[in-house]
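In the two assemblies presented below, chain A is common to both, partnered first by chain B and then by chain C.
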Partner chain A sequence: MTAPLLEVTGVGKRFGKLTVLEDVSFSLAPGEALGVVGPNGAGKSTLLNVVAGVLPADGGRVVLDGTDVTRTDAAARCRGGIGRSYQVPRPFGGMTVFENALVAASFGAGLRGRAAADAAFAALVTAGLDRQADTPAGTLRLLDRKRLELARALATGPRLVLLDEIAGGLTEAEVPALVETVRQLGREGVAVVWIEHVVHALVAVVTRLMCLTYGKVLAVGDPQAVLADPQVIEVYLGTTMAGDDPGLGDAA
Partner chain B sequence: MSWVNAVVQGILLGGLYALVAAGLSLVFGVMRIVNLAHGVLAVLAAFGAYVLGDALGLHPFLALLVVVPVMAAVGYGLQRGLLNRALGGGELAPLLVTFGLAIVLQNALLEAFSADSRRLDVGALGTASIRLGDGLTVGVFPLLAAVVGVLVIAAIGQFLARTATGRAMRATSDDRDAAALMGIDGRHLYGVATAIALGTVAIAGVFLGARSTFDPAAGGVTLIFAFEAVVIGGLGSLWGTLLGGVVLGVAQALGAAVDPAYGVLAGHLVFLVVLATRPRGLLPSAVTA
Partner chain C sequence: MTATVERAASAPRVRRGGRGAWVGAGLAVVAVAVLGYLPLLTTRGTQVDLVGLFSLVVLGTMWNLLAGYGGMVSIGQQAYIGVGGYGLVYLASTVGVDPFLAVPVAAVVCALLAWPTSYLAFRLNGGYFAIGTWVIAEVVRLLVTQVDALGAGSGASLTGFAGIDPTYRIAYVYWLSLAIVVVVVGGVYLLMRSRLGLALTAIRDDPTAAGSLGVGVTRAKRVVYVAAAAGCGLAGAMIVANTLRVQPGSIFSVDYSAMMIFIVVIGGIGTIEGPIIGALVFYALQDSLADLGNWYLVVVGLVAIAVTLLAPKGLWGLTRGRVELFPTGHRVGSR
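Coming up: the complex of A and B.
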């Protein structure tokens, strides 16, 4: 096995007295896809924020490709190859869709001129937004805003992409295209951490699945084995997935 | 004095106000900082040009070649060393820091240059005029100041719209945290924004200092006119700032046409009317976010 691209060791995060993450560890090889499931409030988005540098970790280490980035800010981690999408989309509303991706290609990937524009447009094509390139991002519908989150994360030229519930709200017909996009990332050597309530989409792509609950890793490993774990069924599948709700309401 | 003449002079004056206010508008648009030291910084630049003229005999416009880059460098250092830290301290902190900076600068200028009024000498340009028709004459210098005001605002607008750094500024203005995830270093970018703002306020200071007399205390009224232009036009909107400057300038000129004592008052009244009826300004957020 190749050297890990990402190594998260004993990461903890507290907000005041509330412990959101406790001793979370995992590693990821280049091109590997890790799925993250868990009930709401389990600390999934916080984990991505700590990996991306949006929030500083209170303890533990985040190592990207052999470099300790635990104390590195989000902008520098992005330039180092970590792309992150927000669960609640945060487009630059005053700019066009293309400009949103262009900013990511210019600064995240460090491209200039024609190369930046090409990379930005390619990311829009991948995310299925190329026909809305000149639309002001502030006027996009929620689903297109989610696509833009993906496009911007891809346009930064990442080696590791952190996806936060990008399938929630997609139609059944759209999910396979998204799954194929993520699979293609893996073939290009890009590692993916994907938080998703649409479990069948996850299982179609990821090589490993991690279940978080109350900020701790409950189980991690082969997706089918994790989903069959009685503890996982109890805390997660047994409750929120009982009605097989694909998470339409989870966007907000 | 004819009304047409008053309006024309007011428009030209408005261009100068817009030139003064451009940097204030940019800094507010990008960082949501109201820089209360903006007026004193314009005066500082005027004194800079004055010293260069006094010591080396440089024409004020030639002095700009030195004053603008120096002020831009000061702006970058000010942002990185002081204002970026203040930004972490809540909304009030930058206001207090720039207010304190204004007081310190004004008193330092007073210490160095005394309270005497001075004026930058632009030579024959200061009195040259163009006759446009019956009773309508415009001064070349006010015209030049207005043209420079429009050019500076257009240049900043193009910079924001067409360059990678400008796009990054708009992105950061929309959502700084999301911009950081695109690899944008907000601290550096804010430094660049303030550098541009102080570079333009340096130009404005030299034009103000050549148009009329100035002393270390002139920063206050400069800031008020610039602030009124920004608010009338719409906070954070560059072309709005130009419009706001023109509205303010025309109001002052028309007021002065009624009675010279009413000029400044008329400007303040228009400002209050706009604030009461269109609190978001005449052109809310057009160019920048």
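Coming up: the complex of A and C.
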């Protein structure tokens, strides 16, 4: 087995008295895709923020390709190969779609001039935004903002991509294209952590599935096995799935 | 997906300018040429007035760089205006440096002072940063008033020009000030077109997202803070070279921050054109309402309220981005 690209060991996170993550551990090999499911408030987005360096961990370690990055800031982790998307999109509203991706290619991937422009545009093509390259990002609708999150994450030239609910709201025809994009990342050796409520999209591409609840890992392993786990059905699939898809629609 | 992959191979050319850039460059050249010729046509009083306008353009441009691009709302830039002004007087009158050389040296002193100060100021954010910068400016003012060599509380006069005929002195100061405007506005334009400018624009819109995409947010802000200090130092030196007198109460006055904010908000924040327009508006108001006494401030306040209500993005914002005389963006032509 190849050396792990990402090793998360015993990570914890508290907001005041509220424990959001408790002793979460997992590792990821290059090219591997890990799906993350769990009810709202389970700590999924917090986990991504801790891995990406946006939030400091209160305990445990995050190791990227053998380097301990637990105390490193988000910008340095991005330059080290972690590209991420935000669940609630954070576009640079006053810049065009292309310039948004160009920021990622210039500073995340460290490219300059022509190379930066090409990488930025290629990421827009992959995310399906190339026709809106000159549109101000602030005028995009929610779905396109999510596409822009994906494009920017890809334009950083990542070795590890953290995706936070980017499939919610896509049409049935668009989901397979997204799944194919994630699969292609795996073939290029890029590891993926993907939080998603669109479970069939996840199962189509991830090699492992992790279910979080109340900040703890409830189950992790083969996707079908995790989905068949009675506890997972109890806390996630069986009881909450029907009303549990906040990413749907263009309402924002 | 296959169709899009083929298109990716031929990524379009990135355009940085457009027709507006040529119009802008042409206007800038004409304006500088006309302004440069003026001392041969006008009175000394007009030149002194115009240097006042030039200092407003520099101050507005610097505040816009800080707040409009760097996201740093400072109300303490008078610290560097004062250090620039006092630096000129001290270097020229006491050290004996040629005053025209002392102006850029005073700006370098401001930059050297701003760099360590940034580590203090950057511990604060948002409103706290604004108040913190003001406190720093007050500390600098109080320190300066303790130094007898600088005239303590009563200030000092600039004597370095003594050997020059007033007509020439005023023209030279005018040309120096015009050159500073060109360097400052042109410098900000080139900065915003550069890689750092791309980072700053991203920081302006969302610093957290910029950090997540690899932008060194604090480093970029520090560069801007130091550059803005140098620019404000140039403006301070320009003001003192024009009036030949420096007093702690006026050169360190928080009124400068109020003026800078007015100029940028009225003209249009986050644009290079905005502060120039704002400075022209403020100068015109100052000039035409000078006889009104305190009512002048009331009128300025009403204008500020009217513009922020009717044109929230400032006067230049009324162009809705359709006109860009100083374009900094990247277009690929696939709207």
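The rule we apply is simple: the second predicted complex is superposed on the first by the 242 of 252 C-alpha atoms of A that agree within 3 Å, B and C clash if a C-alpha of one lies under 4 Å from a C-alpha of the other, contacts with A are read in each partner's own complex, and residues count from 1 in each chain.
Convention: a contact is a pair of C-beta atoms (placed from the backbone, for glycine too) under 8 Å apart; a residue touches a chain by one contact, two chains touch by 3 or more.
The structure presented is a predicted model; accordingly, all values stated were derived computationally and were not measured.
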Mind checking the superposed model to see whether chain B and chain C fit together on chain A or clash? clash
Should A:Met95 be classified as contacting the first partner (chain B), the second (chain C), both, or neither? both
Contacts for A:Ala74 in the overlay, against chain B (first) and chain C (second): which applies, first, second, both or neither? both
Chain B versus chain C as contact partner of A:Gly108, first or second or both or neither: both
Which of the two partners, first being chain B and second being chain C, lies in contact with A:Leu227: first, second, both, or neither? neither
Between chain B (first) and chain C (second), which, if any, makes contact with A:Asp130: first, second, both or neither? second
More residues of chain A are touched by which partner: chain B or chain C? C
Chain A residues contacting chain B in one complex and chain C in the other 52, 54, 73-75, 78-79, 84, 86, 90-95, 99-100, 102-104, 106-110, 112, 152, 156
Given the complex, residues on chain A that touch chain B span 52-54, 73-76, 78-79, 83-84, 86, 90-95, 99-100, 102-104, 106-110, 112, 116, 152-153, 156
How about chain B: which of its residues touch chain A in the complex? 164, 167-168, 170-171, 173-175, 177-186, 285, 288-289
Quick check on the complex: what are the chain A residues that touch chain C? 52, 54, 73-75, 78-79, 84, 86, 90-96, 98-100, 102-104, 106-110, 112, 117-118, 121-122, 125-126, 128, 130-135, 152, 156, 177, 180-181
Which bits of chain C are touching chain A when the two form their complex? 1, 4-5, 7-8, 11-12, 14, 195, 198-199, 201-202, 204-206, 208-217, 270, 329-335
